[in-house]
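Right, one structure below, let's go through it.
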Amino acid sequence: MPQHAVLVLVLPLISAAVIALFLRRAGAVAATVSVLAATAIATIAVILALHGERFERSFEWLRLGGFSVSLGIKFDDLAALMLCVVGVVGLCIHVFSLGYMRDDAARARYFGGLSIFMFSMIGIVLADNLFMMFIFWELVGFSSYVLIGHWHEKQSASDAAKKAFIANRVGDFGFLLGIVMCYWSNGTVNLTALGSQHVYSTLIPLLLFCGAVGKSAQLPLQVWLPDAMEGPTPVSALIHAATMVAAGVYMLCRIHVLMVPEALNVIMWTGTVTALYAALCAITQNDIKKVLAYSTLSQLGYMVAAFGLGSLPQLDERGRMVAMAAGVGAAMFHLTTHACFKALLFLGSGSVIHGCHHEQDIFKMGGLAKRMPLTFVTFTIGVAAIIGLPFLAGFFSKDAILFLAFANNKAVFAVLAFTAVLTALYMIRLWKLTFLGTARSDHAAHAHEGGLTLTSPLVVLAAFSILAGYTGIYPKVFSGVFELIPEAHGSAHTIIFATSLAVLVIGVATGYLLYASGPADSLAQKSPGLFGGLVALKNSFDVAYNYYVAKIQQRFAMLLNFLEQIFLAGLIIRGLAGVVGLFGLGARALHTGNLNAYVYWFLFGVVVLWGFATGALAF
Amino acid sequence: MIHATLHAYVALSAALFAIGLLGVLIRRNTLVVFMCLELMLVASTLGLVAFSRFNGTDDGNVFVFFILTVAAAEVAVGLAIIVALFRKRQTIQVDELNTLKH
Amino acid sequence: MAQFLFNLFAAFTLVCALGVVVNKNAVNAAMCLLLALVGVAGLFVALNAYLLAFLLLLVYAGAVVALFLFIIMLLDTKGEQRPGLKHASLVARLFAAALVGAGLLSFFARSRLPEPALGPASAAVGAELKLYAYQLFTTYLLPVQVIGFLLLAAMLGVIVISKKLDAAEDAP
Amino acid sequence: MNLEAVKLAAANNSWGALFPELMLACIALALLVFEVVLPRKQHRYIPDLAIIGVAFTLLGLFLNFDSASLDSETFNGLLHHDHAGQVMRVFFLLSALLVCVLARVSLAKRAVPRVEFSHLVLVITAAMMLLAQSSHFVMLFVTLETVTIGFYILVSYFRTSAASLEAGLKYLVMGALSSGLLLFGIVLLYGAAGNPALPMHSANAMHYRDLAAFLAANPHNFVASVGIVLVLAGVAFKIGAFPFQIWIPDVYQGAPTPVTAFLAVASKAAGFAVLLVLARDVFASYAWLVIPVLTLMAGATILFGNIAALTQHNVKRLIGLSGVSHAGFLLLGVVAAASGAAMATGAVYFYLFAYLIASFAVFGVMTHLAGADDSDQELEHYAGLAKDNPFLAAVLAVGLGSLAGIPPLAGFMGKLFVFIAAFQAGARWLLALAAAGVAISIYYYFGWLKAAFFESLAPSPDGPARPERTPVGFAAGLALSVLALGSILLGFYQGPLGQWLTLK
Amino acid sequence: MSLIFDNYLLLAIAAPLALALAIALGLPKRWSVRLSYIAFAIPLLIALHCWWRFADAGQRDGYAFLATYHTGLGGLGIGLKLGLNGISLPLFVLAGVVGFAAGLYAIQSQAERLKIYLMLLLIMQGGLMGVFASVDIFFFYFFHELALIPTFIMVGVWGGRDRNYAAMKLTIYLTAGAMISLLGLIALYVKSGAHTFDFVALRAYLAAHPLAETVQGNIAGLLLLGLGILVSLWPMHTWAPLGYGAAPSSAAMLHAGVLKKFGLYGLVQIALPLLPAGLVHWSHPLAWFAVIGNVLIVGLITMAQRDLKQMIGYSSVMHMGYAFLGIAAGGIIGPGGVVLLMVAHGLSVALLFLLATAVHHRTHTFAMDEMGGLAQKAPVLAAFFVAATFASIGLPGFANFWGELAIFVALWKFSPVITALAVAGVVISAIYGLRAAARVFFGPSTAHFDGVAARHPPVDLRWSEKIPALVLLAVLFFIGFWPKSVTVPLDAALAPVPLVAAK
């Protein structure tokens, strides 16, 4: 079985290498290779997971003195679940891309990028130590750079790619420091070894969490994620559903043994604030993908908050109270369900965009339900799932989180519940403006359903979105994760259920009633102040960062450059050279050509020598 | 009355030498400069002869022979150069002989 | 007597030497040099170096100074005509003179060697001559040979520098 | 002085020990004889005879290198023959050979007698060879004056050129002045060392060994101290050490280029040969005086030479000032030798050889580039040399590179040895100064090469035309090639020469 | 044949030098060019062979392929002793690889006066092979200088804008640096009392008679200062961007890629084992200079650059800061990381210079503001450039990452604060690297570029550019994926070598 795991890891790399080296001009072949690889990955992933064998293997990759980095696989239930999610959702996205990117000139590069993305993500999933995880972590950043900047001739795409990578690097700054610190504090970065013994430290988990902040786009590094919508839509799906952003949450779950309450507290609040902030931002968006992007942010906030909420006391078999890592369970559960419905939503939006000839503004759509029925139906399922309509996937996972919050921190619970209202609000807004009403543009009027490659993933994912919430249907092999999901019982169950329903109803009703099918935003018309405030809130980070980059960082750099040119290279070096040159001129001027003057030199010499002879001069 | 001691001779020789040096320093006529140089050589010979006499060794005196010969040769060559230069430049003033400078 | 002669010659030499330095006229300077040499020759005599005194007069007074005078006449320079010294130059000269004077004084003060007991003066001029001859042709034979070449070289040099161009021979 | 003593003294005059010098003297005389005897048409070949004669002398010297008189004194203690003396003989013979070769090129351009030039070069060479081996101040003075007066004539050899004559006059006045200083110094030393009231006084006070013994017994005699510093001043003039270096650019510029080369290399080397013996052996007990003096001189010389050369445009003045800086580096070696560093003496000799080879390569190029006015050799004249005459440019590059002390050229090895020796002697600050000097020197050497390699030969319409370049003849070409290759080879592989010079 | 097999290292040095000499002596151009392929290939092949056979080759005193040649200075303890150990091996290979790439590129470059250009490059190549193959410290320095001289000439003759000033500044700076380090080496020679430049003997001698700490400190200070100038330690770095900005591509590749590593190599190979206490004495100032100066200040300055080549030059200066940090950190991990980084940086910066020149051929400018959108016309060039950029900013999968990682790990033990500052540099390098790539290749094309493109329709990377680039990239990848290929011998060499008695 370990060979299979290695195979899963290597397959996409081979696919990427083959495409990069040989298939640069053969887009169709490249696409086929990539999709075949994805298929194989999904298949093997599922087989691996279901086979039930859990193992760890590693071999040394680098050694310098006592420092060694190993390349290893830790395949436990968590990894198995994540691998399945990545594989299956990834496959759907691959298939969808076949149709979506059919006419793209750089199709080979695109599919190569997808493969390298899969490779990087699987590497994170399988990594048995933090160094290896960091390596693939960075590779994920690189992959996202390639894919987001796929349409590099667009300035915005190029900028977005750059921004994504740099924001991730900022997070990795902490992540790497955390790893190094962890290495020296604990003597190891092997996840299993850390689980058995580690030093109690607040700094290490917080530093490591920085990585998750970057990758999972938590506040304050969330800015790259909405911009990342510049990439092709399937890429957005990939980034938002199964890979990249999920990596942050997954990583946290991997290292939850290192967590201490103080760190968890920070993590919890970060997630909570992110969830609320993103939801508020989402309301003002008119780009279909941007809305989804903010919703992703919001949902990631949920997951991170869930993780940060930490453990619940629980009775074990022998009747003792033990701490159950409920945060991990809730986060992973939500991650899984979210992967399904968010992929569905993005692919659905891709289908819409594809149908509308790359129109992304929801105010220029409308009435697509009739023209794209399959997309409409699947998209609706997705929306229902995300807003937590009972008995769909999102309902269960969100309830688990709300319950955890209710149990551990009421304030967080309140915020998350309010966020859920907003979620319902903006999703309904999106849904209504896109599919209902009448077409508000030519593109929308002439929209059409895509081919089989576009629709079949939608159907598959819609099915998952319905089913993924039922923990019972999962095989026993994932019990390591699913046993950790907090479940409400008794009165708590009632409260949570009621709350869910309440927020759902409020959100949906508000959304449905507030927004009318029209070319302008109803909220903006009815309450410009609120709308403006939300827009300003949304922009605040970008404004601040842009100000920092353009006005502070860049100016500081220019100042340093100026100082270097003027002072170091100019005044000091050229000045020194000039002074020496002046001495040179002076020395040259001493050669007056006059014999008498020259004799004075001799006199001078004799006087100095005389001084030495008399002992007046000495050293 | 200064006694004709060794020290007196040495001092005299040194004084002659110094006068010669001063002449080389301040005179602008190359011929006179030349004379002052000769004066310096003569000062040395005086010292040599004095030392030779007082120390009771005679190789100092022999050395004077060589010095006189050398001085004569030097003067011959020097004057030849001065004459040739005068023919070229119509001057033997030190401060006008400065085409070579800087 | 010897003391007096020493003082006389010493003072005479110094004064004449100073005359070389301060005399504006080159001819006068040459004459002063001649006199100074005579003074030195007198000192040589006082030091029992009769032959050297004679040679000094012969070579210097007879040849060198004559040559100087000859050249001065030949070149017919009109002294050191100058529009007046620049201040800087004057200051430099005074400074140099002061420096040299100070050095001289310091030398006087510190250069005292033990006074050796003066040995007997050589009996006769002839004995001295013989001694020099022996020395020059045995111990110092090599320098004498070298000096021979030096004189030859100097002679050649004077010829090369002074003689008229012989186009036929030396044309490139 | 009885007859036996006279006989003994006469018997000590072993002329056989002076084979090379006598050879040169005979050739020099023979040249004059040939000039008288031979018809005028044949005169042009006479200088070539000098070249051949010197070459044969060199050969003879090599064959008889480990001569029987090695490590002995001859001529009643006037001369001391040792290994270093042999090395310097080779050095001066090589210089003479190269000067004669350069003179063939240079003198051919003007109307000047040529036989006498060769004669003088040979006489000077012989005198320098004796100078390097003398162990007595009389010998020192006589040979030194022979060299100096010979150089007066050579410097003003282009008597039709005012510059040459002016240079000659300047050299003469400064030279005579320094001779005066040197002589007075000798007199004082003689007087002090012969004083019967002082311990270890000597009847032969001008002999180095006796003088050294006297100095050792009287370590703080004022008269002797003054004598020493005056002698040092006289020698410093010859080597061009600060502040007795001031005449160098003027004289170098005015002198005919081969003479400049001779002056820069051989005369300087002669000074160093003397200085080494004096500073290391004779004045050893006055190290308290000699070492500070030489240290100060070395530092100031390095600094002044390099800084003054920085802005120089006349290449003859430039090479003169660079030569000053080399004198500084060599002084560093002398300081080390005087301080007792084991390898210093060999280092100085190696440096001198490297300097010889490199300098003559550069002077060879200069000779070929010099125009009618020998003193007017500007950096601009080198523009486009690389394209025009790659051979000369390459030789120039190697020569300058070696002078700059850039590996893999011989000059670098010389500097390295000297630096090691100086470090052994503990002359840290001097070394730091030397390092700074090397860095500065790169600027002007590089500027020269830049002119030859990087600048195009676009002639400026208003400026004076570049002088006609002499085509490279066979002999000069051969000599330059050997010099360039020698510089390279000596940098890579020192072989027996390295062992011979650095390790005895 | 045994003549060849026994003298491998000498052959690698001599082959380029011999051809250079032949060209100097007037080899016709046609043959010069043809033989150049061989002369650049021989060092590469020998280097690869040595790499391949290193583990099996017998080792003496920690060195394999040991051979000694006498040059007449045996009495001074100087001899041409060649050999490779785990530290020099990767750099020897680096020199072979980068030299080959630079050579290939130069041969195809159609530079003016190609013959002389090749001659100089061959001298450089020979010198470089010599630097890393020398066991004798004297020859280590000697070959460096030999390789350095052609750089000056190449900058001065074939350089771009400001070439005269750049050549002059480069010359003086580097000569001063070399001079100071020479003084350091002389000090080591004299103070050790071993009377030898042979590293093995010196190490054995010093192990038996260690130098006093103050002496070590002084010598190490000299070496750090001198080598610091050569490696562009802040604030003695200003020659580097200027020089590289002006240098022709092959010279920049060889100098920035390989020759500049001389200083670091000297510190790791020579100073660390011989003067451990001396380096420890300086480690804190060194680290602060490196992190504040090289990493942060120069990093920020790099962000402000508008000229592509200058930007690469500055980035190279910045990365040298990491190398100094590794040396300051000491131990095995730090220097090991330094060696890894040296190799990686050598490859990546050479690649960047090559590609920058390729960009210039297509845009006729180095000003990044005037470029843009080149990726549409030359996607392969863009891909290479992006790869090279990511390599240089330390993306895993490329060799650079391992070097930086090891240095950071080592540095934490030295000082967590400095580590944090150093890691911040990683962000900075990402910013300027990606910004440059984006400005040059992505986004819509600028008016300037449109104009140039109209006159000279840009083509994608030619094979003459692609092959050298591929060679470099392949090695970067190889080490990135299989770092053990470098670290296994390195680990052994950095670990204290069992002492051998001085002969």
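Miscellaneous remarks
To keep things simple, chains are lettered A, B, C, D and E as they appear, and every chain counts its residues starting from 1.
In the analysis below, a contact is a pair of C-beta atoms (placed from the backbone, for glycine too) under 8 Å apart; a residue touches a chain by one contact, two chains touch by 3 or more.
The shown structure was predicted, so the numbers you read here are calculated from the model rather than taken from an experiment.
Considering every other chain in turn, the ones in contact with both chain D and chain E prove to be A.
Taken together, chain B and chain C share the touching chains A, D. In this view the innermost chain, defined by its CA centroid being closest to the centroid of all protein CA atoms, is E. Each chain's centre was taken as the mean of its CA atoms, and the one lying most distant from chain C is A.
Judged by contacting C-beta pairs, the busier of the interfaces A-E and A-D is A-E. Taking the mean of the C-alpha atoms as each chain's centre, chain B and chain E sit 64 Å apart. Chain centres here are Cα means. That of chain B falls 25 Å from that of chain D. Each chain gets one centre point, the mean of its Cα atoms, and the points for chain A and chain B are 95 Å apart.
Here the CA centre of chain A is 100 Å from the CA centre of chain C. Annotation for chain A: residues touching 2 or more other chains are 588, 591, 593, 595, 599-600, 603, 606, 610, 614. Across the assembly, chain B contributes residues 6, 10, 14, 20-21, 24-28, 30, 33-34, 50, 52, 54-56, 59, 62, 66, 70, 73-74, 77, 81-82, 84, 97, 99-101 that each touch 2 or more other chains. Of all residues in chain C, those that touch two or more other chains are 96, 100, 103, 107, 110-111, 113, 115-116, 131, 135, 139-140, 143, 147, 150, 153-154, 157, 161-162.
All chain pairs that count as touching, in label order, are A-B, A-C, A-D, A-E, B-C, B-D, C-D, D-E. Of all the residues in chain D, the ones that touch chain C in their complex are 1, 6, 9-10, 13, 18, 25, 28, 32, 40, 43, 75-76, 78-79, 107-114, 116, 119-120, 123-124, 126-127, 130, 138-139, 142-143, 145-146, 149-150, 152-153, 156-157, 159-160, 165, 168, 191-192, 195-198, 222-223, 226. Those residues of chain A that touch chain E in the shared complex are 24, 60-67, 69, 106, 109, 131, 134-136, 138-139, 142, 145, 149, 152-155, 157-159, 161-162, 165-166, 169-170, 172-173, 176-177, 180-181, 183-184, 553-554, 556-558, 560-561, 564, 568-569, 573, 577.
Chain C contributes residues 2-4, 6-7, 10, 13-14, 17-18, 20-21, 23, 26, 29-30, 33, 36-37, 40, 43-44, 46-49, 52, 55-56, 59-60, 63-64, 67-68, 71-72, 74-75, 77, 79-80, 82, 93, 96-97, 100-101, 103-104, 107-108, 111-113, 115-116, 118-119, 131-132, 135-136, 139-140, 143, 147, 150-151, 153-155, 157-158, 161-162 to its touches with chain B in the complex. Those residues of chain E whose C-beta lies close enough to touch chain D in the complex are 24, 71-76, 138, 141-143, 145-146, 149, 152-153, 156-157, 164, 167-168, 171-172, 175-176, 179-180, 182-183, 186-187, 189-190.
The part of chain E that touches chain A in the complex is made up of residues 169, 172, 235, 238, 242, 297, 300-305, 331-333, 336-337, 373, 375-376, 379-380, 382, 390, 395-397, 401-402, 405-406, 408-410, 412-413, 416, 419-420, 423-424, 426-427, 430-431, 434-435, 438, 441-444, 483-484, 487-488, 490-491, 494-495.
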